[in-house]
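Have a look at these structures, which come just after this line.
Across the two complexes that follow, subunit A remains constant while its partner is subunit B and subsequently subunit C.
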Partner chain A sequence: MARISNNIRRLRFDNNEMTQEELAVKAGCTRQTIIALEQGKYVPSIELGFRIARAFNVRLEDVFQYEG
Partner chain B sequence: MTFRAYRIVKFIIMLILVALTIVALDYGIAWIPIPAGLLAVIAMLLARRRVKEVVVDERNYAIANRASRFTFQVGATILAFIGVTLEALNRGGHPELHPYALTLIYSAIGLLVIYIFSTLYYSGKLGGGVEE
Partner chain C sequence: MTPLQKRAWWGLITGAVFTIAFLLVFFLMGGIDKFEQDATFRIIVDVLVIGGLVANLGIVNLTLRKPGMVDERDKIIVDRAPRVQWLAVVFTLVAWVIGLNEAYQKTNLIPAVFLYVMFMSVLIISTLAQCLGIIIGYWRMDRSG
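Right after this comes the complex of A and B.
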């Protein structure tokens, strides 16, 4: 299991219940990737991490946490 | 166009192509499937260009990367194993197996060579080779 966790699901709901599809379009990835991220099965590249953070208008570390 | 719509369009194009091919062959007009196939490919490419959503992203590349690596490892191992087994049988009194053994062993070696050269190429492309 990944040692990097994320708050994507919570952030989606805090942002007017944004759908996974909407987030995928904003971040420029597939909906399957958003699903994998929320399930903690996939750790994104730094670039995608930044794009997701930008989609929520927050900092990278507000979305992802390193649990090393 | 969404990816879902594109898949439906692709399915319809394929259905038309298959139906056209069957009818053409039934009537003995064998040349029709060739331009029909080309038109189908062009139509699918045009439909694909209209898809707005992201269809392939870094996760797909990561999956393909792992799958390719696994395929290479398993494929090369199986080729080498069968090749060596056939060569052993060849030496045990089955000379007819020698060309098959050589083909499989050289295929495994060829795969390894391609792997080494592609690794060197991508190492250079992605950096990290020589300390500066």
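Right after this comes the complex of A and C.
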């Protein structure tokens, strides 16, 4: 469905196997939203995208890719 | 399940319990004729309806105000729930209009008490449909994004 893919799962494992709950707390969303993002069932707002990128200390483009 | 999703289920269950209690009391205590004449009966029904609405308000709507309980995805789902509410309310009103028209067409007089009962039923249906709309919203988003 989503033409925007993401590397959240890989980035979590690269960051000391960060749990979905930990990422959710850092990004200010629920764990279910992280699950939906990893499954490609939800495309976040730009704000949440930036918060997730900040949680990993990377740029937005390192987390999300547009496959247009 | 997100906190809001859990609350929507609890809201639906609580609402259904109050609605069943309301219907049981209403029909076991004498129905519309008794309701029109007996003030005590009306108060019992009022307490059940208002109690159900307040319980639902506490369970579902106050969750939306708690910080950290809902995120942007939850808010999208909450914003979509009124579509289900609107449909449920329209169907309820259509059912009332057809039912009352068929029942009282010959006399051409509909008892005024039906205005009250219609309003209460729409309020109950609308509240239940809000919870249902949230549950459907999560189901649809989990299914197709």
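Just so we're on the same page, the second predicted complex is superposed on the first by the 68 of 68 C-alpha atoms of A that agree within 3 Å, B and C clash if a C-alpha of one lies under 4 Å from a C-alpha of the other, contacts with A are read in each partner's own complex, and residues count from 1 in each chain.
The rule is simple: a contact is a pair of C-beta atoms (placed from the backbone, for glycine too) under 8 Å apart; a residue touches a chain by one contact, two chains touch by 3 or more.
As the structure is a prediction and not an experimental result, all values here were calculated from the model.
Superposition model on subunit A: subunit B and subunit C are shown in a clashing arrangement. When both complexes are overlaid on chain A, the residue A:G28 reaches subunit B and subunit C alike. Applying the stated contact rule after C-alpha superposition, one finds that A:G40 touches subunit C and leaves subunit B untouched. Touch criterion not met for A:F50: it reaches neither subunit B nor subunit C.
Comparing 4-12, 22-30, 40-48 or 76-84 from subunit C against subunit B in the aligned model shows that the clashing stretch is 76-84. Within subunit A, the residues touched by subunit B in the first complex and by subunit C in the second are 28-30, 32-33, 36, 42, 44-45, 48. Interface residues of subunit A facing subunit B in the complex, by the touch rule stated above, are 24-25, 28-30, 32-33, 36, 42, 44-45, 48. Contacts from subunit C toward subunit A in the complex involve residues 1-3, 5, 68, 70-74, 141-142, 144-145.
Taken in their complex, subunit B has these residues touching subunit A: 53-60, 62.
Residues of subunit A that touch subunit C in their complex: 1-2, 28-30, 32-33, 36, 40-45, 47-48.
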